[in-house]
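Take a look at the structures below.
The following pair of complexes shares a single chain, subunit A, combined with subunit B in the former and subunit C in the latter.
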Partner chain A sequence: MHLELGNIFIKDVQFAEKTHVKDGVLYVNKEELEALIREDDHITDVSIDLARPGESVRITPVKDVIEPRVKVEGEGDIFPGVIGKVNQVGSGRTHVLKGAAVVTTGRIVGFQEGIIDMTGPGAEYTPFSKLNNVVITMDVKEEILQHAHEEILRLAGLKAALYLGEAAKEVEPDEVKSYETLPLLKSVEKYPDLPKVAYVQMLQSQGLLHDTYVYGVDAKKTLSTFMYPTEIMDGAIISGNCVSACDKNTTYHHLNNPVVADLFEKHGKELNFVGVIITNENVYLADKVRSSDWASKLAEYLGVDGVIISQEGFGNPDTDLIMNCVKIEDKGIKTVIITDEYAGRDGASQSLADADAKADAVVTGGNANEVIELPPMDKVIGDVSVANVIAGGFDGSLREDGSIVVELQAITGATNELGFNKMSAKGF
Partner chain B sequence: MSKIKVVHYINQFFAGIGGEEKAHVEPELREGVVGPGMALNAGFKGEAEIVATVICGDSYFNENLEEAQKTILEMIKSQEPDLFIAGPAFNAGRYGVACGTITAAVQDELGIPALTGMYEENPGVDMFRKEIYIAATRDSAAGMRQAVQVMVPLALKLVNNEEIGSPEEEGYHPKGIRKNFFTEQRGSARAVDMLLKKLKGEEFVTEFPMPDFDRVEPAAALKDLSKAKIAIVTSGGIVPKGNPDHIESSSASKYGEYDISGFDNLTAETHETAHGGYDPVYANLDADRVIPVDVLRQYEKEGKIGELHRYFYTTVGNGTAVASSKAFSEEIGQKLIDDGVDAVILTST
Partner chain C sequence: MVKGIEKYGIPVVHMCTVVPISMTVGANRIVPTIAIPHPLGNPNLDEKEEYNLRKRLVDKALDALVTEVDGQTVFE
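Now for the complex of A and B:
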């Protein structure tokens, strides 16, 4: 399967009469976008703001971040089975508004949504402070219950990203990158001397604000399976979760999965990247046993020499992570796991809820309990009053002057376990 | 700047008083340098100077812990030092415990920068590594030169309030504190590099060495439930509606103790979850799903259990440090014992 990604670099975002891209600027027709969101009559309020890198803006409670993409050639639509037709994606050509994103916010659904600061110390921890964001604040009818509330906002965000993505269709990309994965046997034939490597991506699937969708299927109802990496670049996996936002994968993270990108970087040179195994993280022990059995079975069946396993979340999924790691190691396949830590605010506590000596190669996204002070911002998009109750906040988090003292876990993407960031932790 | 004043602590052996037969000697304060202090003084190269040495027998110290500690602290305080150094104790166990105890006390009670040194297998390392800096030394006094090379720069950094680097950089036993830092490469690239090294059989460094896990054996089953007083403890965050004590949705700093004597059944009107780590909808509709008060009441009426304890204890397990959980459970456990509870149903989510 072969996909070309045409990146159009976006340096700025502006409101304008017509939604289009010109000279690296994304122009957005606010009314048109707003009308599109309002098509769903469950949505009562919509407001659209722009948030650019370096601006004194705080966005919270953030639900999802989505990169605008559009299919230019090849089968299928972006976000297949969710917004687009369910047909297979991952081949042909896709254009990307690189440097732009849709951010969704609005009344809190759970306790779990995150914070994005566009400047100041908090901005260092979230990758989304570097993007030109179109922020959509929405509310839904009062009688709508939490599960439906989450879904309405999730779909609205995806729709907005597709709408903006359309603007990339006719634009000549600044850069075109090519990604190809051959069928397994052909790939092995082509690179007989390179170690065969697969990527095991664990998908959060524990319920409200903890869900992930694959071609529109709720991941908690899936068996571990195999994918071409380029399918993910076309939005085959989308996020329905932001609980403890530091280590949840937004849809933006999925589209730009860094493990996929960095394995492709060495593909055909130092290793043979044969594909992706996806596996869920359900709450029941039986599901954990079944899914890790399947993930390790698939790794064995593919005949790979090594895998990278990325976790999503912490605590309960630490069990899934260790099961996957141990079972795959037991097949004689080398593993590296990517996780993050909950070592307490002082860093002195045990970092994981499960452990095994076989997990001897670990990359960490850092200690999510570390406390940070976020100074007041000139503008708040969304509702900052939730700072005391979101995961990572505590009574007194929000101060009178608008500054917030929270754990890093409240910052969207801060300790991402796909290895999206440069943060790590070490022992002192 | 005047010289940094140092007080040094050693045992009877290093003071040249004698071995085991002299281990009972009581604390003594001597002016200036004694024994291994000379090597430390030389290492300070005039920047700091040992002004006094406290000597105490290892047996005396360990057998008269409180008294010895008090006397020694007074001796140290009388010298008004800027810095305190104990040992190094190398692999001498009781000496290590004494060095660790005094170093921790000087640091915490006198507020004076303090350092000791030990071999990794010295029991004093595990007892005190979390509280104080312990330089990693060899197992015997033959390693004094190496010990000075590690201890002098580390001690000077402590007294000058300079940033202390990692255990590898500075040569101390890791304190078990995890700290965030920014790297050159993103995590995924580090993972790919680590995997390539692992595949080639080359050496690689994990970013998180797996901890030794504290596994708890389940207690023996009760013989007669019909007389048992049973309590509920949960990390599922069930609280009276409105979360009156503001237990955090993640990384809880407290637990709650709530009276359920008036309840046969928990409802959406009376209870909810404060937990931010699972889908709360079903727990909010019926908190009995997390703490089975309804069923236990029924069992109580039927005589299957003796009694449901009047209070339940609750916290949020989500993102909560193990050290915090441990502290909560010690308090909760004591309360349950004091209240004569025979068994606990622990529910997690």
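Now for the complex of A and C:
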């Protein structure tokens, strides 16, 4: 499967009469975008703001972040099975508004939502402070329950990203990158001397507002399976969850999965990146046993020499992570796991809820319990009062002057377990 | 907490869904439960069936409490 990604570098975003891209600026017709969001009559109020890098702006509670993309050639639509047709994606050509994003916010859905600061110390911890964000604040009818509320905002964000992505269709990209994964036997034949490596991506699927969708299928109802990595670049996996902001994978993270990007970078040179195994993180022990059995069985069947395993979220998924690691190691396949830590504010507590001596190669995204003070911002988009109740916040987090004291847990993407952040730790 | 209480010579039964975590933290008597969001219940059952389920689990835990164990034991 072969995909070309045409990146169009966006250095600014502005409101204008027509939505289009010119000279690296994304122009947005605010009224048209608002009308699109209002098509869903559950939504009672919409406002659209722009938030650029360096501006004194705080966005909270952040629901999802989505990169605008559009299919230019090849089968399928971006976000297949969710709002696009369900046809297979991952081949042909896709254009990307690199440097732009849709951010969704509004009345809080679940308590594990986050903060994006566009400047100051908090901005250092979230990759989304570097983007030109089109921020959509939505309110829904009072009687709508949490799960329906989550779905309404999820779909609205994806719709907005597709709408903006359309503007990239006719634009000549600044760079074109090419990604190809051959069928397994051909790939092994082509690179007989390189170690075969697969990526095991664990998807958050605990339910109760902790969900991920694959081609529109709720991941908690799936068995572990194979994917071509380029399918993920076309939005085959999307976020529908309110798990802790610091280590949830937003849809933006999925589209730009750095494990996939880095494995492709080394593909054909240092290693043979044969593909992706996706597996879930459910709340029944039987599911954890079954899914990790399947993930290890698929790794064995592929005949790989090593795998990289990434986790999403923390707590009981630590068990899924360790089960995957141990079972794959027991097949004689080397593993590296990527996780983050909840080691207490002083970093002295046990980092994970589960452990095993076979997990001897671990990459951490940092300690989510570290405390940070976020100074007041000139403008707040969303509802800042949630700072006292979101995960990582506490009663008194929000001070009278607008400053916030929180654990890094509350900052969107701060300890991301795909490595889409700056924090880590080194052991000697 | 399990280990902290047992330190004083009081036996503890850890009722939990994720048995591997219970093993890792060192519980000696483990009774597996239903699911993480509802360890001692099951919203898919009707009220009477759920009551029976809860009673069975608690009975099992009480039995475990008075059972001599030699190392970590899971009461399936």
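Methods note: the second predicted complex is superposed on the first by the 424 of 428 C-alpha atoms of A that agree within 3 Å, B and C clash if a C-alpha of one lies under 4 Å from a C-alpha of the other, contacts with A are read in each partner's own complex, and residues count from 1 in each chain.
The definition used in the following text is that a residue touches a chain if its C-beta (ideal position, glycine included) is under 8 Å from a C-beta of that chain, and two chains touch if they have at least 3 such contacts.
None of these values were measured; they are calculated from a predicted model.
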item	value
Superposed partners subunit B and subunit C on subunit A - clash or fit	clash
Subunit B versus subunit C as contact partner of A:Val380, first or second or both or neither	neither
Partner chain(s) touched by A:Ala16 [first = subunit B, second = subunit C, both, neither]	neither
First, second, both or neither for A:Gly207, with subunit B first and subunit C second	both
Partner chain in contact with A:Tyr284 - subunit B first, subunit C second, else both or neither	second
First (subunit B), second (subunit C), both or neither touched by A:Val72	neither
Which superposed partner A:Val405 touches (first subunit B, second subunit C, both, neither)	neither
Touching partner for A:Phe314 - first (subunit B), second (subunit C), both, neither	first
Touched partner set for A:Ala355, first subunit B, second subunit C, both or neither	both
Subunit B region in steric overlap with subunit C, selected from 219-227, 273-281 or 309-317	219-227
Set of subunit A residues, in rising order, touched by both subunit B and subunit C	206-208, 283, 316, 354-355
Residues of subunit A that touch subunit C when the two form their complex	206-208, 283-285, 288, 316, 318-319, 322-323, 353-355
Subunit B residues within the subunit A interface of the complex	130, 164, 166-167, 174-192, 194-196, 198-199, 204, 206-211, 213, 246, 248-251, 253, 274-281, 317-324, 349
In the complex with subunit A, residue positions of subunit C that touch it	17-21, 24, 32, 34-37
Touching residues on subunit A, where the partner in the complex is subunit B	110-112, 145-147, 195, 197, 206-210, 243-244, 258-259, 261-263, 265-266, 270-271, 283, 305-308, 310, 314-316, 334-336, 338-339, 341-352, 354-357, 359-370, 388-395, 407-409, 416-428
